[in-house]
Amino acid sequence: MTKRFVSELVAGSAIDEVFLLAQRNMAHKKDGNPFLNVTLSDRTGQVKGVVWDQVERIVAAVAEGDFVHVRAQVSEYRGSLQVVVKDMVRVPPEQVDVDDFLEATTRDVGKMLARLKEMTGRMKTPCLKALFDAFWADDAFVAAYVRAPAAKLMHHAYIGGLLEHTLSMAVLSEMIAGHYSGVDRDLLLAGVILHDVGKTRELEYTRSIDYSDEGRLLSHIIIGLSMLDEKLKQVPDFPELQAQLLKHMIVSHHGTRAFGSPEPPKTIEAVLLNFIDEMDSRVNSIREYVAKDPSDGSWTPYHRLLERHFYKGPRVSDSPEG
Amino acid sequence: MTKRFVSELVAGSAIDEVFLLAQRNMAHKKDGNPFLNVTLSDRTGQVKGVVWDQVERIVAAVAEGDFVHVRAQVSEYRGSLQVVVKDMVRVPPEQVDVDDFLEATTRDVGKMLARLKEMTGRMKTPCLKALFDAFWADDAFVAAYVRAPAAKLMHHAYIGGLLEHTLSMAVLSEMIAGHYSGVDRDLLLAGVILHDVGKTRELEYTRSIDYSDEGRLLSHIIIGLSMLDEKLKQVPDFPELQAQLLKHMIVSHHGTRAFGSPEPPKTIEAVLLNFIDEMDSRVNSIREYVAKDPSDGSWTPYHRLLERHFYKGPRVSDSPEG
Amino acid sequence: MTKRFVSELVAGSAIDEVFLLAQRNMAHKKDGNPFLNVTLSDRTGQVKGVVWDQVERIVAAVAEGDFVHVRAQVSEYRGSLQVVVKDMVRVPPEQVDVDDFLEATTRDVGKMLARLKEMTGRMKTPCLKALFDAFWADDAFVAAYVRAPAAKLMHHAYIGGLLEHTLSMAVLSEMIAGHYSGVDRDLLLAGVILHDVGKTRELEYTRSIDYSDEGRLLSHIIIGLSMLDEKLKQVPDFPELQAQLLKHMIVSHHGTRAFGSPEPPKTIEAVLLNFIDEMDSRVNSIREYVAKDPSDGSWTPYHRLLERHFYKGPRVSDSPEG
Amino acid sequence: MTKRFVSELVAGSAIDEVFLLAQRNMAHKKDGNPFLNVTLSDRTGQVKGVVWDQVERIVAAVAEGDFVHVRAQVSEYRGSLQVVVKDMVRVPPEQVDVDDFLEATTRDVGKMLARLKEMTGRMKTPCLKALFDAFWADDAFVAAYVRAPAAKLMHHAYIGGLLEHTLSMAVLSEMIAGHYSGVDRDLLLAGVILHDVGKTRELEYTRSIDYSDEGRLLSHIIIGLSMLDEKLKQVPDFPELQAQLLKHMIVSHHGTRAFGSPEPPKTIEAVLLNFIDEMDSRVNSIREYVAKDPSDGSWTPYHRLLERHFYKGPRVSDSPEG
Amino acid sequence: MTKRFVSELVAGSAIDEVFLLAQRNMAHKKDGNPFLNVTLSDRTGQVKGVVWDQVERIVAAVAEGDFVHVRAQVSEYRGSLQVVVKDMVRVPPEQVDVDDFLEATTRDVGKMLARLKEMTGRMKTPCLKALFDAFWADDAFVAAYVRAPAAKLMHHAYIGGLLEHTLSMAVLSEMIAGHYSGVDRDLLLAGVILHDVGKTRELEYTRSIDYSDEGRLLSHIIIGLSMLDEKLKQVPDFPELQAQLLKHMIVSHHGTRAFGSPEPPKTIEAVLLNFIDEMDSRVNSIREYVAKDPSDGSWTPYHRLLERHFYKGPRVSDSPEG
Amino acid sequence: MTKRFVSELVAGSAIDEVFLLAQRNMAHKKDGNPFLNVTLSDRTGQVKGVVWDQVERIVAAVAEGDFVHVRAQVSEYRGSLQVVVKDMVRVPPEQVDVDDFLEATTRDVGKMLARLKEMTGRMKTPCLKALFDAFWADDAFVAAYVRAPAAKLMHHAYIGGLLEHTLSMAVLSEMIAGHYSGVDRDLLLAGVILHDVGKTRELEYTRSIDYSDEGRLLSHIIIGLSMLDEKLKQVPDFPELQAQLLKHMIVSHHGTRAFGSPEPPKTIEAVLLNFIDEMDSRVNSIREYVAKDPSDGSWTPYHRLLERHFYKGPRVSDSPEG
């Protein structure tokens, strides 16, 4: 039987399903009896709930962060769904498919990786080609690289998001390197593929996506440079100047100091990397925001960070009379 | 005989050539006799000079803004070239090729325009196609559109620069509209072609490039919207919504209020237009800056507006061992 | 019988009155029975409420945005008033006075308009006088102009607010044009009357005040310029320079790019318009904020946008010993 | 019997204790009967509560701002503690120890003051020494100076906080004046001791810490300068230049106009005062934030004002293997 | 014989006139002989010059800051006027009219002061009226108040500028206090007259306008508050609240912390004072800028601080067809 | 014979000395004969000069960047010194003391280094102590560390400046770690000593101080982290957490992203490092600015970067009556 996801719940129905127990707080009714406020989640979202009965037994049996099998009734409370839990039992992690509980890319990870490898295989700069051979031969690196999200919240914030974002940028970078003369295609492509490798350690993404200690202390730019430094040592006679130009791509890819880059882009390739990164992140972030907005009408709710509503209504080309 | 340009002058040589007299100031030597400080220019730059003899006759004969035939000796003064003028006579404008005195695109204007027309000819949205038919049929508009610079100083600041910039963006926009699903290719392309049409009136570009009165009072965004409004009236039954979405492309193409857009981009097409415009302007501006830098070494002088030096040294891919 | 308004409700009383049903959400009690959370509003404010009984019948009969006749008991819940609804039935719009449901100016709209017309009638610049004759002769324009609010939230955010704000500015502009020599009184007055005409289309103000699609895509500055362009065509031989100076008043009236003006004020009249607009808006906004603050003491609550508390205590001149 | 503080309450226990009644709101149950929502506080924090019974009698007997004797049961509601009040009676202020209700420094106030006096006693600049003799001889001033908090919220926000902050800065200033040559130790120390004297009137700190009317209208910088002006008149022949240099320390101690200083620091002593003030405030503020964070793990919650999480985990020097 | 001013010099003429010797530097010709570069100034501007002969005698006789009688020939050098000095002798200050050397208001100082006194004479708040009686009775204060400039550079930067600026604001404040209900006219007027009194000591304005030591250390806001404090003590029983509200006018008149006000305006009168001050300063500053621009055309040069060109061309109302 | 430095030159004297030829430009006199404009420099400053005779021979013999022996006469030109060169011959670098041509610390470099080593020798955290043993054992590192300046322009911009700045901070950090409880003294000291090690490669400081290619591409923060990474590998079993906390000190020492730190300080030690660094840099920078100002009076010229004049006048404690 396929899992019923949070996004599929409707008021008035009954559920019998496994969720992640994200939060759990005990409270007391006026008569002095305890009850539980809980938050249940999976990769499609989260929902609040209450447990009125058998509270003590349940409290003893499940902890925050556990996977739990829940029998419950779905209702509405103050305009939101609320799950009234009848029973809740712990499920061992090995019995669940972890991927049900963290949102993931809908694209084929194997194909995306193969496409990136094909691109680095076409590089004409021997030292860069050798560098990527070293990266792709590192199984632990590849395993993390294909699984990491590209961010905690803003864009591509799901399992495989880093790879999806990187591949989209790589395709754009080939187009753009062909459009402008005087651009070093291999250097640009190398910068694109490496610019966010530090995300594999800046973030943790086992049961939920959050920053690691190392991520908070150092940032993915610093971590990525350290990872690159290590791999550069494995390529014999990597030219010092090329190493500095490549590191500069990572150092400067946020565009300005105010956004966390210690130096701004100073080569044409670094300038292009910054634009491609911003454009691809922004497009993905807006499309996710529009896609997740359940409201009617032509406009999304106000986007606090980008400080505007986005238009999601029809374009004339959609219609016969356009 | 081909003209000898300012950029070709060398200390120690003699010249016999036509320039624009950009500035002219009288001064007095210690012995009480007058002399002239002058600035001569053409499309390749400007040079300072002095007139020691026959000052009164020359002053009476030539005015600032005149084209002048100059016989002179080129020397150096405090590290710069200085022209010591022996004689200077006014030349009627009809005897000079105005294009020698304003920098212009090196690309073929006719081909660039044809390529743009071909693109609008492939539009599938009837109302947009009809709109561009109206624009291309307006000879006065086309004449200005193919001649206007894209800016006074920053990027594509030469005759034909607007067309060159627009075409480059149009090509990029076709690539990018193909890369991301859900983008209205015709709306994006229309926005690209129209985003800077107001530049044709914001700037004056007969003998030099500067702002017009209308440009200073209204800005090219406002002027462009007014030009679009006029053309929209010539297309029967242009859908109101499409008109607003198209105007929004012009309104928002600077990206933020701080950069002069009354509203930020709120459609995916307007977001893309803003990125493509910024990227193409920035790339052109850096390449011009690097190309015009005569200094040795791997770095340009400090760029005050962009607040950095740019790297112009070799990349490893340039070299055999790369 | 006069309507009892939201602002007049007191805990412990019963009501039998028509409101706008602003929001409606179903929820479920522990026993599984549904209830409704509702928000009722009129021009004096809004109040939350609950419906415990006959929920299904009511849900079927009324929708958000309907006018509803409500019988209920007013109580307090967590420090705010709460309406416990006994019955709720839909009322056709034609049976209500729409003005009861949107806050409106307390001033006489006819007199305010007459005063503005008297001022434009005294203009000595023929082309400007002719322009306003065209505006005042446009009944659809006048109908919108006297009804539009000046903003959604910040100041004069009520029906007729635009007219009230404009007239106050017009009176100030006559004083100030008389105070400083060298100010073109007619140009300043014309700018004052036209600076916000785009608000008539930027906002919607039938049942509530919000932005229109056109408003979000273009902003009132752009819309106002388009409206002015249209009217200018109806005045024969309107001098081009005067048209540009007048448009510049609208373009620059927000003072800086950061506040949405593509160009800053560059004429003395545009500079004055910006100051008069800011002063009148700020004064109105503070007075509204103070007037609506029900708290005791000498200070309003913290004003988040203006980042301060405002003093509302006595001045010494109020008191005998002052 | 020692008082049981808010910070010591645990769900499930009964209490019989005096608190400050910070807030009180009446509400109604579905059956029409009233109940009370209350907030109780003391120097360790605040807790929400409800009164279900005898509501009318209690409402008549106690007002916001009263000290109240409460008998109640502690429970949990939506993840927070909630006090279910059985009875509540007013307690006259003279029967309570006011210090139980406002957080205070844990250091010995008398010793701190003595240390400051010892430091001013060692001054070698006669006029400054005489100035502090005048301050210390002013009993009303000293009483306020040793009791005032250093801020409402940010740092040293407790009774005696101003003195604690000032003494810490004074000790640092002696070290630093010894470290750098050319620093006028007496001028720096005088600036340190006086920089925040205006806080004694900017804030009110009887039952809670908040701004006074004078504080909101003038700021502690202005008030402090006025207090200094008054004392300067009591010192015969105080040199005018020294008075200006000393006032400059107060004027500029926030470092920049944006932080409220009309002039930035222009003497080496004023520059040092600004750094010492910022460092000591920041260190105290972070340590308070870490100390009050009850959460597990190595990181505090996000600090909105300082825009980061703070690390509170172990350092290697804490551990045997460090 | 009337003085010939710097602004009246023309190339080719001879002069025999007194100036202020603003700068004096010795240099050497190639032949080893010394010469002098000098700067001469009066209230209309300054001009550079050279002394070729008798250099040693002149150096011994005149110093920077002296008034000097100059015989010379006026020529042009690199586009500017240059004075070739034949002789230069010191003139004792008592033999010159100091007002020839500092720019001054063109308005009647006595009448301006009388108008201000008339306005304070009409005050209905006894304590404020008494306060101004005390100010006007202080001869030293009045002497400085009618002579001080309002700024070093930006606006009303000439002798009597403070009075001219204050009176203009006072007249505006009466209009505006009459326009808006609920404004305390006396408090607003008092704030207007006192807001910049600190300028009398912040600036020095004997031979040139510059900041005083006290001005640099404290700012005119702080100095003005101290002057007010002193006068307040001379008015028996001045109400404490009124004193604070009046001081708040001075404290907040720059509008924001970033512009040097420790607190922003929090009363309606303080808000109005800030707008009136900004408007009057800006109008004066633009008009001075336009008036002093000798260039042809419709536009001033770029104004660096205000970041724009100003339009100085015709308005249609100027012309017959307007 | 001791060298005569640029700072010691006086108009009217003759010189016979070695300088660095910083700039060299040929120009032509009116008679067509060439001459040279040159700039000569040493560690005390630079001076402009001219060569009138034997120009061609000299041009052939010396290049920019050479050390040159100069015989000349010192005069004044337009208020500055000017050297009239009679003869100029190249001097091989091995014949000059390079230290005469770059400004250097006046403190004893050996003693400063010894003091730092003594401090690290007292560390109680074994892994940190071992880390510094590795650094001090690296002769190439130490040679660069004791010679590097701390900046190109702003503070400690001279040979040995990095060491002087670091030692001053180290002494302060010991005081402050003793003042506040809960500070890890060893971690703070380690951060202080390492925070700017990247400067040894970010800057070049052989004949003049400027940025290296690596410095412009990567910044000293990134370079320093890479140097630390390398040394950490030489310490067996360096705890991972300690490595991250130590790197965080370097990463965050500029305090905010806007100043080039990818992450802000998140530990109490990193917060203190940032304050100590800013304070020590600022104090040094102001003292250098005051020391190098030759002007009379109580104030320095306006400091563009710090946006103020600095007071350099007397303090009362300097005088008998203080």
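Some points to look at:
Here the chain labels run A, B, C, D, E and F in written order, and each chain numbers its own residues starting at 1.
The rule we apply is simple: contacts are C-beta pairs under 8 Å (C-beta built on N, C-alpha and C of every residue); 3 or more make two chains touch, one makes a residue touch a chain.
Labels paired with UniProt names: A, B, C, D, E, F = HD family phosphohydrolase.
The shown structure was predicted, so the numbers you read here are calculated from the model rather than taken from an experiment.
In summary, the chains found to touch both chain A (HD family phosphohydrolase) and chain F (HD family phosphohydrolase) are B, D. For the pair chain D (HD family phosphohydrolase) and chain E (HD family phosphohydrolase), the fraction of shared interface numbers is greater than half, so the two copies use mostly the same residues to meet. Centroid distances from chain E (HD family phosphohydrolase), each centroid being the mean of CA atoms, peak for A. The pair from A-D, A-B or A-F that reproduces the interface of A-C, where over half of the contact pairs by residue number are the same, turns out to be A-D.
Chain C (HD family phosphohydrolase) and chain F (HD family phosphohydrolase), compared by their mean Cα positions, are separated by 61 Å. In this assembly, the C-alpha centroid of chain B (HD family phosphohydrolase) lies 45 Å from the C-alpha centroid of chain C (HD family phosphohydrolase).
Listed for chain F (HD family phosphohydrolase) are residues 213, 216-217, 241, 245, 263, 266, 309, 311, 313, each touching two or more other chains.
All chain pairs that count as touching, in label order, are A-B, A-C, A-D, A-F, B-C, B-E, B-F, C-D, C-E, D-E, D-F, E-F.
Within the complex formed with chain B (HD family phosphohydrolase), the chain E (HD family phosphohydrolase) residues making contact are 11, 52, 73, 75-79, 82, 84, 298-299, 309, 311, 313. Of all residues in chain F (HD family phosphohydrolase), those touching chain B (HD family phosphohydrolase) in their complex are 23, 25-28, 30, 32, 34, 37, 213, 216-217. Residues of chain A (HD family phosphohydrolase) that touch chain B (HD family phosphohydrolase) in their complex: 124-127, 168, 171-172, 175-176, 179-180, 182, 184, 186-187, 239, 241-242, 245, 263-264, 266-268, 271-272, 275, 278-279, 282-283, 286-287, 306-311, 313-317, 321-322. Listing the residues of chain B (HD family phosphohydrolase) that touch chain C (HD family phosphohydrolase) in their complex gives 213-214, 216-219, 221-222, 225-226, 229, 241, 244-245, 247-248, 251, 257-263, 266.
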